[in-house]
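Next up: the structures, one after another.
What follows is subunit A paired twice: with subunit B in the first complex and subunit C in the second.
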Partner chain A sequence: MNSVILSTTARLLLPLIVILALFVFNRGHNEPGGGFIGGLLAAIAFTLVEKSAGVEYARKVLYFRPLSIAAFGLGCTLVGGLWGGIKYGYFLKGVWPFITKLADGSKSGLPVGSILLFDFGVFLVVLGGVLGILFTLEEVVASETDLEDS
Partner chain B sequence: MAETPDEPTITREAGIWRFIPAVIAALVTLWFTKFISPVANGQYPEYVVTWVESAGVSFAFRLDGLSLAFALLICGIGAMVFLYASAYFRSDRRLLSLQLTLIAFAISMLGLTTADDAVTLFIFWEGTTITSYLLVGFDHEKETSRRAALQALLITGAGGLALFAGLLIMGGIAGTYRISEMNLLGETFKSHEMYTTIFVLVILGCFTKSAQWPFHFWLPGAMAAPTPVSAYLHSATMVKAGVYLMARLMPALGGTDLWVWTLIPFGAFTMILASVWAMRQTDLKLMLAFTTVMGLSMMTMLLGVSTNAAIAAAMTFLLVHAFYKAALFLSVGMIEKGSGSRDYTKVAGLSRALPLTTTVVGLAALSMAGLPPLFGFIGKEMIYEAGLHSHHAAMFVVGAALVANALMVACSGMVAIRPFFFNDQQAPKNNPADPGWGLWLGPVILSGLGLLCGLFPGTIGYTLVEPMVLAVAGEPMEGYLALWHGFGMPLLLSVATFALGALLYFGLDHIREFLFRIEDDVPETERWYDGFLVAMGSIARNGSILVQNGSMTSYLRRTFMVMAILIWVALLSGTWTWPAFALSGELIDWAIFLLITASLSVVLGSSSRLAAITALGGVGAGIAIIFVVYGAVDVAMTQLFVEILVVVFMAIAMVKLPVTGIARFRPRDAAVAAFLGLGVTMSMLMVLGTDIDLSLTDFFVEKSYPEAFGRNIVNVILVDFRGFDTMGETAVICFAAMAAYAVLKAGRKVRK
Partner chain C sequence: MILFWPVVIPFFTAILCLLAWKSTEMQKGISLAGALALFGSALTIFAEVATNGPFAAQAGSWPAPFGITMVADMLSAIMMLLVGFVAVCVVMFSFSDISNEEIHFGHHTLTHALFAGISGAFLTGDIFNMYVWFEVMLIASFGLLVVGGGREQFDGAVKYVGLNLIATVAFIAGVGLLYGATGALNMADLHAKLAGRSSEAAILASAAFLLFAFGSKAALFPVFFWLPASYHTPSFSTSALFSALLTKVGVYALIRVFTLVYDIDGTLMQPILIWGAVLTMLFGALGSLSQNSVRRVLGYSIITSIGFMIFGLGLGTPLAITAGAFYLFQDVLVKANLFLMAGATARLTGSELFARSGGMWRAHPALSLLFLIPALSLAGVPPFSGFWGKFLLVTAALEVNGYFLTFAILATGFLTLFAMGRVWAAVYWTPHPSGPRAITGSLGPSTLVPILALTIMIVAIGIDANTYVELATTVGAQITDPTGYITAVLGGAE
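And then the complex of A and B:
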C-alpha cells in the first residue's frame, strides 16, 4: 500500500485520534468510554499509520516497544490494586486522595485516584498488546513474502 | 591460578559464606533442644495461624515427642550435611545452588514433621518431593541423573496425590484437619465404611515415599545424587517421611487387621528383597542404598506389629538407623574423596592411609551390624523382643528380622573390612589420605553418637524414645532402653544373627556371583514402571496425532460441532418458552437487518477473501448498530473497534494462508454452520422468553456513583466492582501478545 494521500492523512490523523482516545479514556467513568475502548481506539490510530506508512515508521512514532507498553500497563493495574491494598487492606479497593467528605455526608472533590491508574493500565495493555501482535505479524509476513519473491 | 573456561564447574573456592547454612542449622538444633524437657513432661508447644477459615484449614504446627525427634534429626544431621557439602563442593560453582536447594528441602522436611494440619503437612510433603527431584537431578547434564530424578518425582508425586485424597477424606469424616484432633477419633475412622479407601490411599503415599515394594526401585536410582544429598535425603530424613506419617496416623488408622496384614508382609518382603540385593552391589553407595530400603521396611514391619514394644523398637531403630546410615553415607564420600573410588573391588588395604575414615566406618558399621556396646545392638535386641511378643505371626516376624539382620551383618563386614584390611594397599588415586576436617567432622559426631547412645541408653531413652512412643502409641512406653537385658531369647537370636552373618560374609563372593547371574531373570517392578511410561507416551502421542492433525479447518469444524451439540443438548433437555414474537419493527431495525443479510451474502458468495473478510466486518458493524440503538454504547464502541482490528489482522494473515485445497461449496460445513447457528438463535430466543433477574443491575445502578464516583456502570464494573477480573484479563492480553511474539519470531530465526 503506497498511497501518498492515505499515509499523509494517517500521519495527520494520528495525534488527533490519540487525543480522542485519551479523551474517551478519561470520560469513561461517567460517559461511554474507558481504558479498554480508549486503548482500542489508540491502537486503531497506530494501525492506520502502520498500514499506510509501514511498520518501521509506526514503531518509530510509537517510540516505546509495544510489549514494554503492555508490561508497563500491567504494572499500572497492579500498582492501582496494591494502592488500595496498602491503604485500606483490601486489594483493588478504590483510593480517592482528592475526595473529601463534606459535613452533610456527601462527598466532593477531584475523582482521580487508584481507579484511574488502574484504568490507564488497561488502556496501555490493550494498546501494547494489540500493536505487539500486529507489528510482529506484519514483520514476519512481510519478510517471508520478500523471501519468496526473491 | 589460571581460570579454565572450558570447565565451567571448576571455579575459585567458595568463600567463608559456605559455612552459613551449617551454622544456622546448628543454631536451630540448639533452639529445638530447649523443647526436649517440656515435651518429655507432656507439654506440647503449638503454633497456629488461621489460613483458609471457610475450609477449616490452618497453618498449624505442634511439637510432640515424634515431631521433636524428627526436628532434631533434620536440623542436627542437616548441620553436618551442610558442613560436609561445603567441603565436598568447595571448588564447585554449583555449591550455592546446592546449599539453597538443601535448605529448601530442610525447611520442607521440618514443616512436614511438625505440621499439625493435614493440608499443611501435604504442602510440605510435596515440597520435599520437588526439592528431592532437583537434588537427585543435580548433575542434570547426565542422562542417568535426569532419569533417576524423574523416576523419584513421578513415583513419590503419584503417591503424594493418593495421600492427599486420603487426608481429605479423613478431614471430611473428622470435621477437622488438625491431626492431633483426628488422632483422638481412632474408633470413628476404624469403624467407618470409608476406612479401607482411606487406608489404601494413605499407605500408598507412605509406601512410595519410604520405598516399599513395589515402589522400592526409585531409591537406589536416586543415588545419582551427590553424596551429601544421598546422606541427607535418602538415608536420614526424607525417606523416613513415609515411616513418620504411618507413625503419626497410627492412633487414627493403626492396629486393624488390614493395617497389620498389609504392613507386616510388605515390610518383611521388602526387607529381605532389599538386603539380598544389597549383597549384589560392589559400589558401596548403592549397597548402602539397598540397606536403607531394608531399614525402612524394618520400621514398616514393626509398625505393622502394632504392640507397644514394637513401636518402641521401631522408634529406637529409627534413631539408630539415622545415626549409622548418615555416618556411613558420608564416610563413603570420604573414601571416594580420599582414595578415588567407592567400589570395594577397586580399593583395598586403606586402613593405614585413611586411619580416621577406617575408625568412623568401623564404628558406624558395628552399629549397623548390631554389635554391643553400640546403639544398634539395643535396637536389634528390641526388634527381637517385639517380634517374639507379636500378637500376629510372631515366628514370621522374627524369622524375617533374623534373615535381614544377618544380611546386614554381612553388609557391614563388606563396608568396614573390605576396603580397609587384609590386603595390600590399592587405590585409583596416588597417595590416598584422609580428607579435611569439613568432611570428617559430621561422620565422626554421628558415629560417636551411635557409641554414646549405646553406652548411655537411658539418656536418649528418656529424652527422645519415650516421648516418641507416647506420641505414636498413645500410652507410655513399657520397659526401658538398656544395653543388657539378661540372658534370653533376644540374646540367643543376636548370637544366631552374628553366626549367620559371618557365614554369609565369607560366602559373599559366591553369593554375589550367583546374584549377578540370576539378576536379569528376576522380575523387577521397575520394568512395570518403564512399561507404564512407554504406554503413557504412546497414548499421548496417538492422542495428539488424532486430535492435532494440523488442519485449521478441522479444528474449527470440531470446535463448532462440540459447541452445537452442547447447545442443542441444553435446549432439548430444558422446557421451551417462546417469547412474544412479531415480524414488525422500526425502520432502523429493518435497515440493520438488511445490512447484516447483505454482508452475509457477500461473505458466503464472494470469491475474493479480502471482500469476504471486509463483509464480515460489515456484519459486525450491523451488530454494533443494534447495540447503539438499544443503549449499550460502550459495547457498541468495543464491538466496532474490535471489528476494525480483526479485519486488519485477518487481511495480514490472509497473505500466508493457503489458497487452494478448499472447495467453494462444502455441504458438510454448511450443515455444521446451520446446526450451530440455529442452536444459537434458538437459545437467544429462549433467553428472551425468560424473566431476567435485574437485582444485580439494580445494585450496580444504585451503588455506582455513591461508592465509586462513576456514572458509567459498565466502566465502573470493569475497573472497580469486578476489577480483579479485569486485572486477570489484562494479564491474559499481555501473555497473548508475548506468546504471539514468541510463536511468530522464535522459529523464524532458526530457519535462517
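And then the complex of A and C:
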C-alpha cells in the first residue's frame, strides 16, 4: 500500500499519539488511564507507521526489538515490586522517595516512585508484546503473498 | 518476602533469557542458574515451614482477606521443593535435547515462565490469584508445545488448547459464583464463610464448576483424552516437565480447594471423586496397554497415577490424604525420570516407536537398569518409592472396608507392571530392527546426571521411607485440620 496522504499523516501523528499515550499513562494513578491503556495507545501509533510504510520501516522507527522492550518492561515491574519488598519487607508495597510527610499529616513532593515504575513496566510490556505479535504476523503474511506472486 | 522469590526468580530468568536472545550458550547458563536459584528459594521455604509451621506473606502489606496472600504449608513447601529439583534436572537435560533453533524461539524463556506459573499456583492463598497463575502456566505451556513447529506438535497443541480453554472458563465461572455467594476470594476466609452452607445451590454449582476445571487440568476420567493426544508431541524435556509438574498442579488444586474451601465429607462430591478416581486408574492402565510408543504408554500411566492421588483425596481420612500426598510427591520424581529416560533412549535407538527401537540391553546394560528403577517404582514393586505410596493407599482403603477399591488399586498396579514390561521388552530386550550394531552413540553428562539424580532420589525414598512418610503425615494432618494455615493467613488481620 502506497498512500502519500497516509504516510504523511502517520509521520505527523506518531509523536502526537505517543504523547497522548504518555499523558493517559500518567493520568492513570487516580483516574481512568494507566499503563495498559497507555501501552495500547502507543502501540496504535507504531501500527499506523507500520501500515503506511511497512514492517521494516516501523522496526527502524521503533529502534529496539519489540520483545526486548517487553522484557525490559517486565523487569521494571519486578523491580517496582522488589523495591517495596526490600525497603519495607512487603512485596509490591508502594515506595515514594520524593514525598515527605509534613507535621500536620499532609504530604508534599513529587509523586514518583515504585508504583509509577511498575505501571511504566506494564506500559512497555503491552507496547512490546502487541507490536511483537503484529510485526511477526505481518511478516508471515508478507512472505506468503510473495510466494503467491512468484 | 521469601514467599515471593519462587515467582520473582523465574520471571527474572525469563527476562534475562529474552534479553540474551542472540547467544544460545548464554541462555543455557542463565537458565540453569535460574533453576538453581529457584531450588534454593524452595529450600528456604521448606526449612521455614519445617521448623515454624505454615506462614504467609501479604503483597503490598494489605492485610488478608483484602490483599493478595502468598502462603506455604507443608503441602505447598514440598511441592515447591519438587518443582525446584525437577527444574534443575530438566534444564540440565535440555542442554543435549533442545536444538539451538528451539532456544532461539524462546524455549528457556517459556520454561521459566512455566516455573513462575507453577510456583505461583502452589503458593497463592487466593482462589482468583490461582486462576491467574493457571493462565500464566497455560500461556507458557501453549508456547512450549509449539516451539518446535512440527505438524504433529500443532495437532497436539490444538487438542490441548481446546480442552484447557473450556476448563479455564469453567474455573473462572466457579470462582465468580463463589464470590457472588460469599463475597470472599481468600481461601482461608472462604473456609470460615462456607461453614454450614454446603447445600446451597450457588455453592454446589461453583463446586461442580471447579471440579470440572481442576479435573480436566489433572486429566481425571472422563476428561483425560487431551493428555495422551498432546504429551508425546513436544521435545522430551518439555514433556518431562509437563508430566512431572503440570498435571500435578491440577491435583494440588483439587486437594487444596476440596479440603480447605469446601467440606466434602459425607456429600455427593465424595463418591464422585472416589469413583472418578477408580475409573481414571483403570482407564489409564488399560489405555497404556494398547499403545505402541514409549511416550504414549507413559502418557496413559500419568492418568493412572492421577487416579491414585485423587483416590486418597476422595476417601478423605487422614491416612488416605497422607497416602495421596505421598504418592503425589514421589510420582513427580518417577514421571520426570521416566520421560528423561525415554528421551535418552530414543536418542540412542533413533525412535521411540516400539517397532523401530530395541537392542538397548545389549548396547547399554547399565542404562537399561536405570530405566527399570522408575518403571518398577511406577508399578509399585518394593523397595522403590511407588511401593510405599500404594501400600499406604491400600491400608487406607482397607481401613474403611473398601475391598473392591483395594482390588482396583492392586489390579491397576498389575496392569501397570504389564505395560512397563511391554516397554522393557520392546525397547530394551528385543534386538534392534537394524541389526545388533545399530546403537553406536553414547550419552553426555548433561543427560546422565539428571537421570542419576532422580533415580537416587527414588531409591532413597524407597529405602528411607520412614522419613518421607512422616513428612506426608504432617501434610495429611495439616490438610485435615487447616487451623495452622488459617491462622497464618488471617492471624495478623485482627
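General remarks:
Just so we're on the same page, the second predicted complex is superposed on the first by the 150 of 150 C-alpha atoms of A that agree within 3 Å, B and C clash if a C-alpha of one lies under 4 Å from a C-alpha of the other, contacts with A are read in each partner's own complex, and residues count from 1 in each chain.
We take it that contacts are C-beta pairs under 8 Å (C-beta built on N, C-alpha and C of every residue); 3 or more make two chains touch, one makes a residue touch a chain.
Predicted model only: the values in this text are computed from it and were never measured.
Once the two complexes are overlaid on the shared chain, A:Pro32 sits against subunit B while remaining clear of subunit C.
In the superposed model, A:Ile133 makes contact with subunit B only, not with subunit C.
Shared-chain residue A:Ala43: touches subunit B; no touch with subunit C. Number of subunit A residues touched is higher for B, counting subunit B against subunit C.
Once chain A of one complex is fitted onto chain A of the other, the partner contacts of A:Gly121 are limited to subunit B, with no touch recorded for subunit C.
Look at A:Lys51: by the touch rule set out above, it reaches subunit B but stays clear of subunit C.
Judged by the touch definition given at the top, the superposed model places A:Leu13 against neither subunit B nor subunit C.
Looking at the shared chain after the overlay, A:Pro111 reaches subunit B, while subunit C stays out of its contact range. Once chain A of one complex is fitted onto chain A of the other, the partner contacts of A:Leu78 extend to both subunit B and subunit C. Using the contact criterion defined above for the overlaid structures, shared-chain residue A:Leu92 touches subunit B and also reaches subunit C. Looking at subunit A, you'll find residues 67, 70-71, 74, 78, 81, 91-92, 94 touch subunit B in one structure and subunit C in the other. Contact residues of subunit A toward subunit C in the complex are 65, 67-68, 70-72, 74-75, 78, 81-82, 84-85, 88-94. Within the complex formed with subunit B, the residues of subunit A that make contact are 24, 28-37, 40-41, 43-44, 47, 51, 66-67, 70-71, 73-74, 77-78, 81, 91-92, 94, 96, 99, 107, 111, 115, 118-119, 121-122, 125-126, 128-130, 132-134, 136-138, 140-141, 143-145. Residues of subunit B that touch subunit A in their complex: 633-634, 637-638, 641-642, 644-645, 648-649, 652-653, 655-656, 708-712, 714-716, 718-720, 723-724, 726-727, 730-731, 733-734, 736-738, 740-741, 744-745, 748.
Within the complex, the subunit C residues that touch subunit A are 1, 4, 8, 11-12, 14-15, 18-19, 21, 57-61.
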